[in-house]
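Next come the structures, one after another.
Two complexes, one shared chain (chain A), two partners (chain B, chain C).
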Partner chain A sequence: MATLLRDRPAAATRPDRGSLGARRVSRRTWLLLAAAVLWLLGFLLLRGTGTLALPASELTDLHRSLNRFNGWIAENRDGNPVFMYILTPLRSAVGLVAGFFMALFAASPTGEVIPVLGWLGTVAVLTWIAFAVGNVRVALLTAVVFTFFGIQGLFVDAAYTFALVLTAVLLTLIVGIPLGVLAGTSNRVQKVLTPVLDFMQTMPTFVYLAPLALIFLIGPASAVIATVIYAAPPVIRLSSHGIRSIPENTKEASDSLGTTGWQRLHTVQLPMARRTIVMGINQSTMAALSMVTIAALIAAPGLGQVVVVALQSLDVGTAVNAGLAIVLMAIVLDRVTTAASQRAEPSARRARRLSGRARYIVLAGTLLLTLGIVQVSRTVLWAAVFPARLNVGAAISDGVTAASGWLQTNLYFLTHSFRESVTVGILNPFQSLLTETPFYLLVVVIAIAAYAIGGWKLAAVTTFCLAVIVSLGLWSDAMVTLASTLLATVIVMLLGVVFGVAMGRSRRIDAAMRPMLDAGQTMPAFVYLVPFLGLFGATRITAIVAAIIYAAPVAIKITADGIAAISPTVVEAAVSSGSTPWQVISKVQLPMARKTLALAANQGLMYVLAMVVIGALVGAGGLGYDVVAGFVQSSVFGKGLAAGLAIVFLGILLDRITQAAASTPGRKPGARRT
Partner chain B sequence: MSRTAGLLKRSFPAAAATVGALMLLTGCGAAAVNQAAPGAVAKTDCGTVNVALNAWVGYTADAAVYNYVATNKLGCTVVEKNLNEQISWQGFASGQVDVIIENWGHDDLAKQYITDQKVAVDAGPTGNVGHIGWYVPPWMAAKYPDITDGKNLNKYADLFKTSESGGKGQVLDGDPAFVTNDEALVKNLDLNYRVVFSGSEAALIQSFRTAEANKTPLLGYFYDPQWFLSEVPLVKVELPAWTPGCDADPEKVACDYPQYKLNKIISKKLADSGSPAAKLATAFTWTNEDQNSVAKDIQGGMKPDAAAKKWVDAHGSVVDGWLK
Partner chain C sequence: MNSPVISVRNLWKVFGSGGEKVPGDAGLSGQSSAELLENTGCVTAVRNMNFDVAKGEVFVVMGLSGSGKSTLIRCLTRLIEPTSGQVLVDGRDVLQAGTSELRELRRRKISMVFQHFGLLPHRTVLDNVSYGLQIRGTAKNERYSKSQEIIDLVGLTGYEQHYPDQLSGGMQQRVGLGRALAGDPDTILFDEPFSALDPLIRRDMQAEVIRLHKEMGKTMVFVTHDLSEALKLGDRILIMRDGEMVQVGSGDELVGSPADSYIADFVSEVPRADVLTLKWITKTVAASTAHDGPVLAAGTLIRDAIPVVMSTISPVLVSNGDGTILGQIDRDSILSVIHGSGSHTSDGRASGNPTSGNPTSGNHGAAFPAPGSRDNEAVPNKEVPGKKAASKEAVV
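Take a look at the complex of A and B:
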């Protein structure tokens, strides 16, 4: 991500680019070929030596010393000024906000599981808010979905989840948008922020969940803070990306009018970047929802609890019922935020049917109605607690359980042979190529490739990352993870291009695909792990499939957005000059969306990496397994932490290489200066 | 007009009005339904007890009965917290967990929190005995009767080959929270096997379920008591018997797992408070059959509370013994 968006010193390559460019490409090809030959020769001649394999139950001295981290926190909780003056007040503040929302929507602190507003009141208030910031359609959607939670028998759980997500997203936006804008306007901030964001996004949650629970105690505050750590990067990155994508001439035009920096930001940059910023808010909201589920492991209340408990007894039906609620909530949040942003657009303002005055009257009237409903909801029992008679949750679970059982018995032999052929044909050879080549050789090979792709700087960065992984003592595990990750990312990008182009070219396909993408992105992986285990067994393939389901939607959405953003006149020009649709796609749309494709590949990769740990729950092994083990067993916490760091450095390495590969060949001489 | 600013400007008065109205309502809402007292049980000196809920069903059964008795016979307020094992132990240090009602070993955590930090105490055995070992699905034990003798495992190694085990037989391990010596066992017993880590209990159970349904071979780490054994009665493979001290050096283990006497851990705070909840936690013991009957009811779809009530009503004398 970073290299792409960061301003690059383009001056050096600018003169006589034509001839130099041709020579550079051919030298690059030679270097890459040499690296490949070296790798193959090394694999054939030195196979099995210098693999640095470390059995799952063994630790290095570094892991043992990291083990002391937890004990150190426990000993320093009381008395240390950092805890007394920063962390503890932070926890109280976050806990207060979360507690307020939870009491309001889910359960008042009196011990009775009744929200302060009552269920009907909660639905009414949320519907009114959706109407006030959005429109009638999203308000209706809100009312229907939140009532449906009650019918699923999950109203209180859903309300808990909503309260936590609301708290986390509010915090995320307060911190994230200003940071993103800063990073968009200042190169220095961008430079400092990028590795931090990489770190936040790739460090597996399981690594910091246990220490967070130690620092901020078990419960909602820790859950919210963990969620913010995970959910903030997308909105920061995309805000910055949005501001940096504004065409140079637009900014020059505003500069020539003598605008100050602040005016330019306010009148040109923010409005023009709005589309991308909103996409960031959406991504962050989705990330927050998925994280709140995982935070159930440190006793965050809500739908995540239902899913996690159901997973323990392999109760697919109950898990899907709760997963469905999470998906529906994601759709509501997504549609309401989108509607709110559209309402804010100047063009929408003019086209509005109601004048400002009339709208205020309608809003005030409906507010009074809402307050009336809240009052009813606080005094009448049926409106306070959702009636248990209206419950179809059990029917949904039973149906799903039956369906998943049927799938598992009838598709097993199909999926089994598919799994065997992919594993034996692609994954196993690729993995042994990575794990059985001596590590020093592989480091050299990757460094040469990196030099060919991005020059000395990239070669230095990759070598550094690999050296860190080696010194963490987890080389072999890292290579196992790398093999699965690369395979999953390739498939994610294929899906991303195919569906992204289809969606970018047709509004109808876009509308049909979006709910499915939202579902894939927000359905907690815990929900579909069990049926997949039935289909593919406890293997790396199950983990890869789970990663694809989670990561493909992001790649598809970003690609679609990039294709749709291409000026229609360009496409029309190509069509009118007699290009076939295939030519339009391959010669015009894909090349023009190259920057967005690179972003899609990058985010796809990051999301696949985010699933490495979940994958380890179903047999992926590698670094993910070390992290899971470190989360549940304090004696290997240090190894888990080391594995988390290894994942981060693996992520940074892959990130920088893909970025460089995507941006070097056709690099435009006019790289932007801000 | 910037979007954020616009959004703020438009929604601020609305939000302010809502919050204001809510304050007003909460202020004068004396008649609200959620302020009604729970009634039923009169509060006693027991106070609040935080019980960690580890997720396996056997644990849930123990916790359900403990919580039912504490709530209904002692008038305690029980707060249940769904946590994994290690986080539960952390809770002793931060004062957020009072009771772990079924503990499997965890010598390292016991050392950290009982011996070193002195925030927890051992509240004695639950009466349940845990068996860890290697198991095969029942169809295999029927078809290959001699497979249950560990000495014959190498003969069958080819049967257990999978895409994950690199040409050797596969031993499937589950939740990393459980201590395993499996890698050492494979090495020291000269088995032509490789340990594959499925990574979770769910993956392990689902694998055994599929293996039994499709009659595919599987050898894996498992344990008893576990609700799944009542669905598919896995058969244990006998490894060289455990003798005291044979597993002292984790690198050189060449014997089966010991029996685990499951125990209860309570916080030092609760133990010192003299609360009846602490006494109940210490006195609580029952048998594997008791636990399985409650666990089976819960697995069958009964609410834990209802399953606990059923067992308590049928075993009045046992419960009275705990409360003496």
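Take a look at the complex of A and C:
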């Protein structure tokens, strides 16, 4: 191992000396070519052997033993001390908080769908909170949107979702902010925490749903716990970052006056990191909404549930109606928390129109008004339950269903031919290339490619990941998923380069596109499925298109930032020597943004992978289908769990390969320079 | 001479792992900084430093960037933990102080002004100035009234409710100065406080420090890389190179008798007539000299003696404080100083050598306006000589 480590830097520096560099590069290309030829030959000669295909209903011994484990946990839940003293109390505590908020906003404890506050009271309270942490504009937005939920006929579902988001965000902040502050002030904590957060963020969201459901049972409590796990990293990271980015001389100046650690924290570090911490709250809130809707898969009530049920019965109208509600909820949460973070800025504080005291008076006055409305809402029926007369949800659904039907019928030649040409022309051949090649051959081919890209270490990691997938008994399904994932990633990268270059080169295009991309990134992943379900029906293509739409914004943004970050002097020099715009792009900007492009590919891939299970709700097969089936049928629970694990290892494999590809091109310019 | 407020003894600061072994190990501490870096990977920022700062003195630490001066000043209150040695403040060793004793030292005895101000952006000017009082637990009313006095003193009246980012650099540094003064410390440390400011503002702020020093009489330790600033402010100047002390002395000592070629090179650009006093050019009284001519004190700056010497043909006598005649000066001795200043010629180093430079009336006219034309320095210098002449006797 030691010799390996010593050899690698030597190999990296060698290309600097003349012709050796060219040989090094060509060796890598040669290896990749050899792998490709080996693969094609193997495919042609050994096609259909050693595919490890496993029919949907069949299980391996591993899956059966996981099923038994499921049963064992169910039996021992009451007796095992770990459950008795740690997990079950945790579940009850979280359930209690979630139950409190659900009762407050959505349904009374007796199970009737009359919130304690009444719908009008709920709207009033939320509006007042939006006003208190934000401003009048976001308060109005809150009032309008929550009233609109009622008109959509989704008030109770939206209130459930909101209650769960609120519970999850509160718990996230209670855990996350102190952890982030600790990580910001202590290097040791930071060092321990960073890899944990990295792992939490690269793991696809739904993968921990199944194990959590196993431990905490299905329902709101485990939904909240899953959401906390998903939503905590942003606020922890940003809190730590906020404290760490305080200038050293400010900290030193306060030390020189003899501050204690606690004084430094609350007079310097917390106030100065405040804006960044609130930005972290914003990101965590958006993540929480995304996860709460996905947690419908483990029986979390709310809008997500409506969408899932509608997707399963292919009821596009209802799905669109609920999807619209999720989008609106996302907008409200984003705007309110953004307004709160702007309020946290020192310059905003001094520009305020109202002085501190006048503001308190206004807040107290509006609070009294709010309480009055709550009282009305608790006594008058029309203010307690949203009037059915105003409910136009059914009309919206019917309209959308009709429109979707019309589109599917009348655009059939377009959507159908697009779908069929992609499916038959690209997806099917690629998928069969992956699934029908003998598994041992593919492992060897991927290992050779990994060696060519990142050396022995990467080859070892990829082989290990593939071995795990094989031993999980899900090789064939994993290859189906891989085919869709790679296809989607290629398209994501094409979009990323085209739009990213356009944005990086023109401020105007950047200004026009960025809000759309930001909006795209704040939307819960779920929502993307709905419109494409209307267009393409339940097929793999729908899932792929949804994944592309979900992943493209991040790839475009990273590429645009990479292109924009290239020194203007270099571009100026290229232009002044007479390059055409196309030459500037292809000879200067893209080569210089190479590392960024690889990073964009890496992130795009991870985002596509995050959509695998969600895509399975609308017809994608492979591992995603196994996971969803595992949620629904207890007989294939073990297989679903194994599929979740397989997705994790597929993710690690793809992440490592793209990361290695991102770090290697640095050698090539070095070789060319001489 | 007063008893020293700060005494530094054998102070070392070595950065890098294993740095703590260097000062005690004769084999290592004997090596030069470059050798240490090569052999151990450690960076020696402060090397075996010894000096005293007297009460009420302005003590300047000067050196080029990377010479360790900022590290040295931070070692005094352990903002950077020294590797070994002693820092005695009022006789107590700071390095032995516990956490709370150190905190008390920082809160009440020594405060600091920073190059990049280090103001708290979320607090108003008033809250920034009163910050030190707040953290030592002073009641709100008291700290605000005290801070208001300080704000008036540093010339920020009317800006109490402004935020730091609404102020210019010079104003921000006034806030920094006010924050350091608010706690009424015995000593103020300045870490290149004015190097981030533009030249005109810098001149104002230097005058401000001189004024505050006169009014409040605080001990000041002032770090700078600017020689003219050092000469203007410092009662004594310590010159550092590679973490080591090269020379310590008053401004005219550094200019008049530099310890080595490094310092000689350093001070070669200084207008010598503005810094040196008559004692540096006084020759023995010649037999032919008339004894009824004008008499000047030995502490007079050469520049200030020019009108007197030029108005008479005969040599002028120089006396020390009690009227004893030390010697004489004449036109030649003054012109040789003026001629030597600003050039790199070697005669600048041999102080009071009247043989070089035999000026004609032509270059007389050319050389004369030179010191006066540097009006940047001329204005504050007018107030320096008196103070310098007074304190020099006590310190040297």
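Assume the second predicted complex is superposed on the first by the 390 of 674 C-alpha atoms of A that agree within 3 Å, B and C clash if a C-alpha of one lies under 4 Å from a C-alpha of the other, contacts with A are read in each partner's own complex, and residues count from 1 in each chain.
In the analysis below, a residue touches a chain if its C-beta (ideal position, glycine included) is under 8 Å from a C-beta of that chain, and two chains touch if they have at least 3 such contacts.
All figures in this text were calculated on a predicted structure; none of them were measured in a lab.
**Student:** Who does A:538 touch here: chain B (first), chain C (second), both, or neither?
**Tutor:** first
**Student:** Now for A:263: first (chain B), second (chain C), both, or neither, which partner does it touch?
**Tutor:** In the superposition, A:263 contacts chain C only.
**Student:** For A:271, decide between first (touching chain B), second (touching chain C), both and neither.
**Tutor:** It touches chain B and chain C both.
**Student:** Would you mind checking which one, chain B or chain C, touches more residues on chain A?
**Tutor:** More residues of chain A are touched by B.
**Student:** Just chain B (first), just chain C (second), both, or neither: which does A:255 touch?
**Tutor:** second
**Student:** Contacts for A:598 in the overlay, against chain B (first) and chain C (second): which applies, first, second, both or neither?
**Tutor:** Touch partners of A:598: none, neither chain B nor chain C.
**Student:** For A:247 in the superposed arrangement: first (chain B), second (chain C), both or neither?
**Tutor:** In the superposed model, A:247 contacts chain C only, not chain B.
**Student:** Output check: A:166 vs chain B and chain C. Expected answer is one of first, second, both, neither. What do you get?
**Tutor:** After superposition on chain A, A:166 lies in contact with neither partner.
**Student:** After superposition on the shared chain, which partner residues are touched by A:551: those of chain B (first), chain C (second), both, or neither?
**Tutor:** A:551 sits against neither chain B nor chain C.
**Student:** Across the two complexes, find the residues of chain A that touch chain B and also touch chain C.
**Tutor:** Of chain A, residues 271, 274, 346 contact chain B in one complex and chain C in the other.
**Student:** Report the residues of chain A in contact with chain B in the complex, numbered from low to high.
**Tutor:** 55-57, 70-71, 74, 77, 104, 108, 110-112, 114-118, 125, 128-129, 132-133, 177, 210, 213-214, 217-219, 266, 270-271, 274, 277-278, 296-299, 305, 308-309, 311-314, 340-341, 343-346, 363, 367, 371, 374-375, 378-381, 384-385, 408-409, 412, 419-420, 423-424, 428, 529-530, 533-534, 537-541, 616-621, 624-625, 628-629, 631-636
**Student:** Using the touch rule from the top, collect the residues of chain C that touch chain A in their complex.
**Tutor:** 74, 77, 79, 102-108, 111-112, 114-123, 131-132, 134-136, 163, 165, 176, 179, 183, 189
**Student:** Given the complex with chain C, which residues does chain A contribute to the contact?
**Tutor:** Within the complex, chain A contacts chain C at residues 247, 249-250, 252-260, 263, 267-268, 271-272, 274, 346-347, 349-350.
**Student:** Which of the residues in chain B come into contact with chain A in the complex?
**Tutor:** So the residues of chain B in touch with chain A come to 1-7, 10-11, 14-15, 17-18, 21-22, 25-26, 29, 31-36, 38, 55-57, 77, 81-87, 89-91, 93-94, 96-97, 108-109, 112, 117, 162-164, 172, 175-177, 179-181, 183-184, 195-207, 209-210, 213-214, 227, 250, 299.
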